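Working notes, beginning with the structure itself.
The first chain written gets the first letter, and so on, giving A, B, C, D, E, F, G and H; residue counts start at 1 in each chain.
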Amino acid sequence: MSPVQRTTTLMKGNEALAEAALRSDMDAYFGYPITPQSEILEYLIIHGPKRGSVVLQAESEVAAINMVYGAAGAGARVMISSSSPGISLMQEGLSYIASAQIPCLVVNVQRGGPGLGTIQPAQGDYFQATKGGGHGDYRLIVLAPSSVQEMADFVPEGFRLAEKYRNPVMILSDGALGQMMESVQLPEQGSLPKSIPAWATRGKPENRERNIITSLFIDPERMEQVNIELQKKYAAVQSEARAELDRTKDAEIVLVAFGLAARICQKVVDIARERGKSVGLFRPITLYPFPTDILSRTADHAEHFLVVEMNAGQMVEDVRLAVNGRRSVDFTGRMGGIIPTPEEILQKIESLTVSTTDQALQGMP
Amino acid sequence: MFVTHELIIAGFGGQGALSMGQILAYAATIEGREVSWMPSYGPEMRGGTANCIVIVAEKRISSPIVTMFDSAIVLNQPSLDKFLPRVKTGGLVLVEESTVKVPPGSPALEVVRIAAVHEADILGARQVANTVMLGAFLAKRPLVQVESVVKALEKVLPPHRRHLLDMNRRALERGAELAGHSEKLTAGSTA
Amino acid sequence: MIRGTVLVAQEICKGCELCVIACPQDCLGLSETLNKKGYRFAMLTADSCTGCENCALVCPDAALTVYREPKPVRRPATSVQGAA
Amino acid sequence: MTPKERINGYQLVYHRPDTLTDNPTHYCPGCSHGVVHRVMMEVVKEMGIQDRTVGVAPVGCAVFAYNYMNVDMQEAAHGRATAVATGIKRVLPDRYVFTYQGDGDLAAIGTSETIHTVNRGENILIVFINNGVYGMTGGQMAPTTLLGMKTTTSPMGRDVVTMGHPLDITPLIAQLPGALFVTRHSVHTPAAVRKLKKALRLAFEYQPLNKGTCFVEVVSNCPSGWKMTPREANAWMEKNMFTAYPPGDVKLPPPGLN
Amino acid sequence: MTPKERINGYQLVYHRPDTLTDNPTHYCPGCSHGVVHRVMMEVVKEMGIQDRTVGVAPVGCAVFAYNYMNVDMQEAAHGRATAVATGIKRVLPDRYVFTYQGDGDLAAIGTSETIHTVNRGENILIVFINNGVYGMTGGQMAPTTLLGMKTTTSPMGRDVVTMGHPLDITPLIAQLPGALFVTRHSVHTPAAVRKLKKALRLAFEYQPLNKGTCFVEVVSNCPSGWKMTPREANAWMEKNMFTAYPPGDVKLPPPGLN
Amino acid sequence: MSPVQRTTTLMKGNEALAEAALRSDMDAYFGYPITPQSEILEYLIIHGPKRGSVVLQAESEVAAINMVYGAAGAGARVMISSSSPGISLMQEGLSYIASAQIPCLVVNVQRGGPGLGTIQPAQGDYFQATKGGGHGDYRLIVLAPSSVQEMADFVPEGFRLAEKYRNPVMILSDGALGQMMESVQLPEQGSLPKSIPAWATRGKPENRERNIITSLFIDPERMEQVNIELQKKYAAVQSEARAELDRTKDAEIVLVAFGLAARICQKVVDIARERGKSVGLFRPITLYPFPTDILSRTADHAEHFLVVEMNAGQMVEDVRLAVNGRRSVDFTGRMGGIIPTPEEILQKIESLTVSTTDQALQGMP
Amino acid sequence: MIRGTVLVAQEICKGCELCVIACPQDCLGLSETLNKKGYRFAMLTADSCTGCENCALVCPDAALTVYREPKPVRRPATSVQGAA
Amino acid sequence: MFVTHELIIAGFGGQGALSMGQILAYAATIEGREVSWMPSYGPEMRGGTANCIVIVAEKRISSPIVTMFDSAIVLNQPSLDKFLPRVKTGGLVLVEESTVKVPPGSPALEVVRIAAVHEADILGARQVANTVMLGAFLAKRPLVQVESVVKALEKVLPPHRRHLLDMNRRALERGAELAGHSEKLTAGSTA
């Protein structure tokens, strides 16, 4: 095949992600409709089968994640997508997949929670994604796109990481990134190499032992060995930590935000700089592994950190762990599907600088 | 230099506010601009309000969501009530004449009323009312060339709707004419 | 035939026309103008209504109230008593 | 003539029951959901059981049912309405408990809960709105989508090889010994609405007898999901849906019961 | 006489197939699981399809099936075996894919997956071990537990009012158009084992035809859960389980198929 | 009823918990068998119905948690129990329950994970329990018993907290605590007051508006208000933070451990003190709210913290957040159902003191 | 009658007795002693075995191997050829 | 002062190791001791090994799990192999004679072999073999009085098993006798 020219197209985030999956030679997709990500399934069911990909609407998210287990355990390149409540239903399945070390790509186009909540964009599933919403010690590798371009880019990257580490990878997006259109350069078809893994269950030829996909290790010594293996893998995964730094070098105040919130914060930095304030932006791209070391280095010179999230404050814990008491770490956020405005973040920045430079004046009648 | 433009298009679901925004976004992409199109989506399949924010810029767009707009294209009354206070001073407000009444006492904005539904009926298809509005908007704020809009329509219209291309072109032109002739009001004069 | 009439809650009506179809007397139609939600709404277009309730039965929005002429009380001939 | 004049001297013969709230519904024009809501609340009103009725709303277009039905209600997670209703009924055995669920809710993600609730013979009423599509999320294929029917996730029409057959869950339900009364209706004509109301009334009346689950399916339209006008949708429903899901009683209670 | 002497000059007529591993099973003495494992692997051996067979183990006593069946296998989450098998089969349509599931796994927590997998007509084989109890977890009530039957969670016997009826899922399955071949067997006598083997052979042979799901129920014992000796258990099973779950074919493929 | 004398009985942890639930006038219990906690359902099904409690074996954990939603939403006092994989399946339901502010008691008798794992005791679900394994910003109040006595005590306490805050409470136990027998004083029957909450859905009388239990707030402004309400509640809940401190006052090294691990650590402290080492034990009793302030005060004098968990290191993050860089925080743990021995913890303590006092000598050939 | 025999994998056998019940010749029984797992194991108790396989068919642990006397090859009278 | 005692009881599932430990724990509770009983549980319903750790102490017991034991009661061979190395020097190992062979070369421990199964058969019910072992153990390590064990049995035995009480009492006594008369071995002498 001759290399296809990467052209720029205007696309919805959800559709760009779906098209990127097809170009990444995804073998199968399983899903169940839920707003704001149903376009992924809808796009794939039109374009997938004729391009050689299995696309199946399952009867539920629970069934879908277990179909992923089966298909990916058979060596296929598999993706699944849903939004917050649907992802919660997959927690048992994800724990199994992580334990059985099955590579696959899971997309969460987050909406406001908890509960049925709202269908507006939010980032309330950070803990679930990064600490493991299921039982036991396992981790997903979590990528946080902040543009339609990254919705596309992180698909082949997600598959690559999943296959490299035999671990589920999550793209933690949100309804706004899924629904919005931006121009995007799609990955080239066939640019992601593929091979059939030796451990896959595809029928046992005479010349090898049978392959088994399992997460059951009833003997605790064996179970601990499996856990140690997992922990070693997670230690190795730390090297994949990534962040984007925008004008942090000389920043007194560093905003920390991921995904859509980081886009808003970029605007905040623009405005703040215009107003002569030295503000920068630290955007974690991998939420797990969290870019602890990179952030820690930023703390060498920045005075304050202000974490901005579309939730009640979740990533802020990882920021605090990275900064480890060396600098002040504040938080501001909006919840339930509300997107913070640049204005309110700027105000928060003001209050921060007031509270440190004019601390003595505070609290006066 | 091209100045970033932040536009809201709002109406009832089904009136085509979202697709009008998409066409504009496509056209701007064709012209090599950076574009973002951000819908707000509600639970209802029909009814309810639907709106989208379109930003056209020369460089990477930071926030795709803004709270104050350079212009607003308004297709129903609730949307006018909601977005009128969020148009920047001196900004443009384009309203569909038959469905939206502009209240007196609004801040000084350029408010333009377009009889888009009426014109579309004359053109022969009510669906092109949007295109009339878009033509009017572009006459006022030439973010993209009309040719690019036509190209965008070519790309976007499904095959069985291609025959509407010509009618759309005429709708764009008619919109531009209306905008030119339109009685310019500042909100506050009797609508 | 008994005469009836209906009232339409115009702001609730969504102009689905199901009442129009259901009316055996063909006395319902949709307005030309739109209500606040942007819908044309149902209205009586003839005075042939019998108050049969059919329209109300199929209305998804419970937008219809139906009235009927009181039934002519057929007094048995034997009990002619002065009305109070 | 003003409305007031028009009704002058006339008797009120139909008015929306006060067991419906005044909130206008969010449903699309012509959608069956509104009719079924109304009829159910008429029954609750006529039986005078508003104070002893607890409803369970699904996830689906009827997720907001509690905004319209003027009774105590719980909004269940997608597919779990019958489990929620089981919980309520077990601790409040003398209340009238019902669920109201779409075909995606009841027959896809909720299949297990549906079958086991009926199999346990929980003394509740399940109202099942079968419109052959996921209305709420924008018209995707449902378990009950007909073969060849186009939806956003069966864009070329449902094909049996990759998507399987339409799931006719009502006869399965009827086969379970815990099912007391299983019946299928529609609301596309005044006569159909009258029949449905009668069935719902019976179903509510059976509940205190503690003899098992009542299951009332309403074959419904979804003008938006089907991309039709309400008029077209009802005609299409009659022609196509009724072939696969013919209205009528599927299982009647033992004779002694009535 | 040493064993060697005894068999001197004799022909081998039966030996465990090498499609079973050498691992001794963890099953209780007399448990049906072992028999069914063996028979399945005999069929795989005889058909020569070991290299094209992928099995799915359940959560239940057969959770370790992969320790015994010498084919590629996946261990599924509780109840999800058919979803896992669907995933495998969809990406490897030319393989022989089977699930092996207990009654808790298949008919309680996995009800939804079971029904939808068959409804889609996935071209897989489902082997269903119905022992009327949750063996693995210590003998709790299963959906198929008989009325009056004592388990650790029905200590006074299963009562229909609070616990519902035994769920006879096989006829429900058979009703689904996606089901190609549905049959019920047992392994308590040599003749029964022979019949089961024939059925399993047919079920495997149907699979490449892509005509739908094959479903083989084995009414089984659980000496431990039932608190009986294996001998007592088999007798009890014949007397009680067979009444509720009579062995025999439930749905045969259309005549042309054989 | 005359008050019943509290007598001491020898009981399994699971059974003590079940009996305590009956004595706390639990109205209903829903469950599904899973080792190592099936005794709870088994005990309750024998003793519950005749003492007026609904006890129902559901068809799955998903169904069970939604039955809890229904029954507790109707104003009943409801409990549910399971073990790790089963709890994962409840994550959607728990998010709904938390969002709809329904009080109930959830028991997780943990086993080794991830995946199907093993049935041996573990503490791998700390993150899931404390950070919210489901979607959105919600919290469970989490109590960690470390004896059979506390398995019983935390039931009425759990109900009390649940009802006070209209929030789900979790008892995070493990297989060892569930299976072991110790002597226990059971709570008195009827000692926990009960009333029917005004918000419960029990049928709408004419004189009040209808009651609605929901977690759907499609309007993001409203959804945010709900979230703010929740966050205020969680702020108020902080006052319930509890910990047990054992010889920490003069301790140079403070072990931090919960549940079963804390029992092991108690022995470690005994032995260490015998050997003349000033070691103490900090045992969080509430895992959420985490006893941050109490721990922080401990950090005023203690030199080192050693966190001991039966997992790969989860609570250690909360310890680090509390200590905030002021002291060194180390971790040791076992995974997959293995219980650490006092010996290995003592060794770790040795290595700690070596690594700080003789740091210069380390790494020499 | 054809003669047969069986071998029992004693360490695999769990003494369930199902083979004992299934044997039409009544030639199986359980040992007095226990195997390493603590089970009594199956053993031939008479030499009436016919190699019918019944025992093997019902054995849950595939612990039985069955042998049979070769069938007396009935040579058709016409083809008497020297055995090699 | 009462010295804390840490005991392991191990055998095949179904041999009653767990219930023997429970009886002892009940008895100690009756005497006002602090007690913990900790089973290890496996996936199998029958077969497999089953064991429990019983700790009897005067004060609150810290860890209910220990790795070295003061005594071991061993009912099958795999358990001996597993636990023999984990009995503290000078500790007691009680084995059921007919099922367990003590290998030579073990460290210096007090190993006592009891023909419990045989004795139980003589007493008339194999189930009481456990009780014989317990009787023997208590003769060697009088953690509780025999009377307390009988009281515990009264409490624990289900009504339809109460008639076994007497037999159990005799089994306890017989066990004690056997322990007294038993040939004391140190592991290492020919068993």
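Observations on the model:
Definition applied: a residue touches a chain if its C-beta (ideal position, glycine included) is under 8 Å from a C-beta of that chain, and two chains touch if they have at least 3 such contacts.
None of these values were measured; they are calculated from a predicted model.
Graph distance from chain B to chain C, where chains that touch are one step apart, equals 1. Within the contact network of the assembly, the step distance from chain D to chain G comes to 2. The count of contacting C-beta pairs peaks for the chain pair A-F. Centres computed as Cα averages put chain C at a distance of 88 Å from chain H. Centre-to-centre separation between chain C and chain D, using Cα means, comes to 26 Å. Per-chain Cα centroids separate chain E from chain F by 39 Å.
Chain A and chain G have Cα centroids separated by 62 Å.
Shown for chain C are the residues in touch with two or more other chains, namely 14. The set of chain H residues that touch two or more partner chains comprises 42-43, 47. Residues of chain A found to touch two or more other chains are 35, 56, 59-60, 62, 85, 92, 96, 100, 116, 119, 214-216, 218.
For chain E in complex with chain F, the residues that touch the partner chain are 59, 63, 75, 77-79, 104, 108-109, 111, 134, 136-138, 140-141, 143, 152-155, 162-163.
Contact residues on chain A toward chain B in their complex (touch as defined above): 8-10, 35-36, 119, 175-176, 179-183, 263-264, 266-267, 270, 339, 341-343. The part of chain C that touches chain D in the complex is made up of residues 4-5, 7, 11-12, 14-18, 21-22, 39, 51, 53-54, 56-62, 64-70.
Interface of chain A with chain D (complex): residues 32-35, 38, 41-42, 45-46, 49, 56-57, 59-61, 85, 116.
Put simply, chain A touches chain F in their complex at residues 62, 84-85, 87-89, 91-92, 95-96, 98-100, 110, 112-120, 122, 124-125, 127-128, 131-138, 214-228, 230-231, 311-312, 314, 317, 320-321, 324-326, 334-338.
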